[in-house]
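One chain, chain A, links the two complexes that follow: it is found with chain B in the first and with chain C in the second.
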Partner chain A sequence: MGWRREAAPLLVLLATMAALPFLVGESDVYLANDFLITALFAMSFNLLLGQAGMLSFGHAAFYGLGAYTVALLYSKLGVPIVPGILAAPLVAGVMALAIGFFVVRLEGMYFAMLSLSFAQLIFSVVSSWYSFTGGDNGLPVSPPDWLLPTNAYYYFTLAVVSVCIGLLFLVRRSTFGAALAAIRENPQRAAYLGLNVRVYQLAAFVLAGALAGVAGSLRSPLQQMAFPSLLYWTQSADPVLMTLAGGVGAFIGPIVGAALFVLLTFVVTSHTDYPLFAFGAVVLVLVLFLPKGIVGTVEGWWDRRRAKPAPATPPQAAHAAAQQEGSRP
Partner chain B sequence: MTDVLIQILSGVSRGMVLFIVASGLTLIFGVLRVANFAHGSFYMVAAFVTYTVTRMAGGGMPGFLASLVIAPLCVAALGAAIEMLLLRRIQHRDHFYQLILTFAITLIVADGVKMIWGRDYRSVPRPQLLEGSISIFGSPFPSYYVLLIVIGLVIALALRLMLERTRFGKTLRAAVADGEMVGALGVNVPLLYTGVFTLGAWLAGLGGALAAPVGSIAIGIDNSIIIESFAVVIIGGVGSVSGALVGALVIGVLQAIGIMVAPRLAIAFIFIALCAVLLLRPQGLLGRRA
Partner chain C sequence: MTSFGTLTRRGVTALLAAALGAGAFTGAQAQQPPIKIGLTTDLTGIAAAYARGQVNGVELAIAEINAAGGIMGRKLELLVRDSQLRPELGTSHTRDLITREKVDFLIGPDASSVGVAVSAVAKQYKKVVVMTIPNTPRLVGELYHPHFFTIVPSGTMLARAMAEGLDKKYKSIAFIGGDYEASHQAVKYFGDWLAKVNPEAKITNTQWPKLGEPDFTPYITQLLSSKPDLIFSYLWGSDLIAFIKQAKSYGLFERTKFATLLFLDDLRALGSEMPDGILGQMYAPPFGTKGGKMDTFIQAFNAKYNAYPSDWAVMAYDGMMLLAQGIKAANSVDQEAVRTALEGIKYEGLQGGVTTFREVDHQGNVPSFLGVTGKDDKLPFKTLVDIKRIEADKVWPTPQEILAERK
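Now for the complex of A and B:
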């Protein structure tokens, strides 16, 4: 796929998000801010799943670590939040290096389970170490005066998230990204070609962890609080579900998934007391009927429409290819 | 010293409940190759059904026995429906999708339980006969915990006999070892899958019904039991019922000792054990390398 086709929707989205505070009210800007942070969290996860084929079930650990880095630096040492946000990817990245060193030794379901267990280990430490993290009570964070207005913090988030997603875009198109894709498609072949598979996987794990840390570090000032639930395993399921909803294979898939979930949460929680029920039903429908996600399905439909005049691929081959793509984790 | 013994024994009784739940999970994982997140939901639903049944029956021994029969059966029916109506439709897709599907079910059930039973904590009384305690070297040990240990052992023995003596059990073991071959040899695979999933759900339900009179029942018990059960399955080895017994006892006792040594970090002990097993012996203590 050409880079223009992948970059164009991103630029349109950036322009829309930049114009948003002029078009909608303050509460909607807050919601959009939530979306930006969630989108970065999901995008950092898809570097693992979509690009490298690694299903991590412990990604919330790094998200939560980012949030707590800001909160701890602020409440224990009085460090303002901006240096805190710069420190967050370092802390999350170092932790991802330590955990990744172990988890990349395993594959498939075992990789998922080990990443889940390490994340739960960190969660249990954070939620029970009252004297340091405040335990279940959480830790307060206050942004400085210049970041307190909703719009100011929104533009700050937009800038940070755009830089991070731009970085992910470059990574996807780099030789490093190509190597990850090769490992995803066939780790054995990649190893025969001379790639050190574990080193590449570890590098992806660290980068994804660091970027999840950035997302988390933006989250705690938004809510003015860091909570242990940011690290709980159900939080790790969120980027998995968003990526699935948007589309694993498409670069902007997780962004679309995040938008869907943030909007759904907003709509559902303001109308019923049972948001999980609605989420579950939506995910169920997506898994059963749209395995390629929203973006994947739309792209497939668009390509078929454009290919109609000249049936280049026989329908059977196209069907087989679609099935293969659909079966890829 | 007796304190430590009593603590270990209560760890064993907790481990037995965990074993009953996790044995179902390990069979499903071993045969269908699905990490069934909904297993925790089965456990939770059974606990709430137990609450309703014992309330309706008045809390005595008959109510307790009735709930032990009814709750696991309800959950088994739920499991059979989920397997036949949902999981089967995406059987041939990547396991990732099946995992997500079972996760979606946990979300739906979590709110479903809230709709039916509300958000309050519930407790189920123990029948009078099991309310007291027995004396072990002069220290009291709840009789209900003795019952849990006995039932755990009975289930372990029954599962072992089923796996070794019956045709279903033999086919099941063959499917754990090599799923494709079992299909090639003419076994009715869809029926086997439904059977295993239903049995697994029944075991989760039995665990939930037995655990109901210990502590209290609340929203969220599904999230904690499923993580502990996954830990048991991984430690013991996927598809191995004896592995699940060993894993459950390790976790039950480790947690009980952890509570004595460092109460707040007791959960951390489980994950340290789990990480150690995954790194040193990824196939689990009693599992075979795939």
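Now for the complex of A and C:
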């Protein structure tokens, strides 16, 4: 897949998001801000699942750590939020290194379960250490006056998220990204070719954790509060669902999934009495009819349309073939 | 005759608007826009029943105010959003209510965690908010801001009231509470107050089941093995119901005295299974106040919703009526004018007495109640008999204590 084809929708999206405050009201800008942060969280997760084939059920730990880094620095040491946001990926990254050291030794379901356990451990500490974290009612944090207006914080978020997604884009196209893809497709063969599988997986885990930390650090000033629920296991399920809904194989898949979930949550809880019913119905439709996710399905449809006149190996088929082969060592 | 004319015109306009499929209200009120009240509450999740009682209480108050002609000739309109017990949704919806729906005032959410989030948004946008369920002491402490008002007895007040109201004969006290912030605070404030009013009493055993614990057997045996004179429980909702059902089979209620935080919803859910003789502490039970406005309220509530009102409905109704009185007194929807009006308000509510707010933390001087469970022939569930009303000024933290918490 050419890099232009992957970069073009990103640039269109960036332009749209940059123009948004001129087109819609304050409340929608706030919602868009929520979306940007959620999108970065889901994108950082997909570096693990989509790129490296690691299904983590504990990704919210790093998201929450980012949020609490900003809130703790602010309320305990009086550090303003911008240095806090710079510190967040370091804290989340260091924690990801410590946890990753253990979890990358495991595979598949065991990896998922251990990452979940570590995340719940951190959640327990945060939610019950009342004197330090404020416990389950959260820890307040206030943006400075210049970031308080909705539009100002929106552009700030847009800049940070764009840089981070740009970084993920470069990683995906780098040799490091290619090595992760090789490990995803066939870890044995990758190891046989001389790749140190554990080190690559650990590096991906740390990078994903640090970027989730950035997303979290943008979240707590937006809500003016860090909450333990940001670290709870249900929060870890969100990026899994968003990524699957949007499309795990496509770079912008998690962005589309995040947009869907943020909008759906907001609309459904504003206007219906049965939000869980609505969510269930949407997930059911996605799983039954769009198993490759929204972006995956659209891409497939696009490729088939283009492939019709000249049925020479479409890229999607080649990709599928590679996957087929990969699953049988 | 003017009012007759207006009514008819409104009626016709409303019919026309409805026929056109447009919002009838906006059509009819084109000249006089309604005063909008925003309510973000947890209509989904374990506290959903409380939220429903709250919405009904506010709705009933608004219906009565509108039937009497509204305020300054303007009707009140209620906008409800579901925060699902998620603070981040509480923030999003409250902001949306302020910036998109342009609500004039906020009325309190449900869970304390969402209350904290809503209060932060109210602070940012300088919107008056009246809280009717959340009661974490942090709201009046470190998170206080001048646009915040509460008519809920705070966690501190309740825990102290429990210690205050207990007979001095209970010396050895065991504690059980869900493992979360509110009950950790409760046992602390309870213990501190106990040391003051009954210095010989000691907390000899504490148990912390997780919220939503299905099996209380180990906790029940632990509690009984310490042979306490009294067990103080901070369990509520489904946890309390499960605990009581399981503890009955161990004969816990025959072997020791049991004192618990109690919501009307729990009394209703347990029905005749609720043992007699339990000491119950309640926020604002309708049966805690006899006669007067409360009887009228219970009848009106029953007529509208075919149900007996809960504590939450009582406080929500009072919160809305009190806010309305503030707007009337200010004769404006200006936030600062209404804030000033509320600071000086003297509101005569459902629970008798006069509700005022104190300057230091805008805590309303609301009572709490302590009684013993028993049967009332007029109600289909157990009630409290022999009710003690504990006034706020006996137990609320002094202004010095509040200021010390904000440091």
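Throughout what follows, the second predicted complex is superposed on the first by the 310 of 329 C-alpha atoms of A that agree within 3 Å, B and C clash if a C-alpha of one lies under 4 Å from a C-alpha of the other, contacts with A are read in each partner's own complex, and residues count from 1 in each chain.
Rule of thumb we're sticking to: contacts are C-beta pairs under 8 Å (C-beta built on N, C-alpha and C of every residue); 3 or more make two chains touch, one makes a residue touch a chain.
Keep in mind the model is a prediction, meaning the values are calculated, not measured.
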**Study point:** Overlay on chain A: chain C relative to chain B, clash or fit
**Key:** clash
Check your understanding: A:G93 contacts which: chain B (first), chain C (second), both, neither?
Key -> neither
Point to revise | First (chain B), second (chain C), both or neither touched by A:F266 | key: second
Review point. A:G249 contacts which: chain B (first), chain C (second), both, neither?
Key: neither
Exercise for review: Answer with first, second, both or neither: which of chain B and chain C does A:V125 touch in the superposed model?
Suggested key: first
Review point. After superposition on the shared chain, which partner residues are touched by A:M225: those of chain B (first), chain C (second), both, or neither?
Key: second
Review point. Who does A:L106 touch here: chain B (first), chain C (second), both, or neither?
Key: first
Check your understanding: Touch check for A:P140: first (chain B), second (chain C), both, or neither?
Key -> second
Review point. So, A:G257: does it touch chain B (first), chain C (second), both, or neither?
Key: neither
Check your understanding: Of chain B and chain C, which one touches more of chain A's residues?
Key -> B
Practice item. May I ask you to decide whether A:V240 touches chain B, chain C, both, or neither, giving the answer as first, second, both or neither? Key: first
Check your understanding: Between 238-246, 256-264 or 274-282, which run of chain C pushes into chain B after the superposition?
Key -> 238-246
Point to revise | Set intersection of chain A contacts, chain C complex versus chain B complex | key: 128, 130, 273, 275-276
Revision key, fill the gap. So, in the complex, the side of chain A touching chain C is made of residues 25-28, 30-31, 34, 127-128, 130, 134-138, 140, 148, 150, 219, 222-225, 227, 229-230, 265-266, 269-270, 273, 275-276
Check your understanding: Within the complex, which stretch of chain A touches chain B?
Key -> 55, 102, 105-106, 109-110, 112-114, 116-118, 120-121, 124-125, 128-130, 232-234, 237, 240-241, 244, 273-277, 279-281, 283-284, 287-288, 291, 326-329
Review point. Quick one: in the complex, what on chain C touches chain A?
Key: 43-44, 81-84, 86-89, 91-93, 95-96, 99-100, 112-113, 116-117, 120-121, 124, 136, 138, 142-143, 179-181, 184
Exercise for review: Quick one: which bits of chain B touch chain A in the complex? Just the residue numbers, please.
Suggested key: 35, 86, 89-90, 93-97, 100-101, 103-112, 114-115, 223, 227, 230-231, 234, 264-265, 267-268, 271-272, 274-275, 278-279, 282
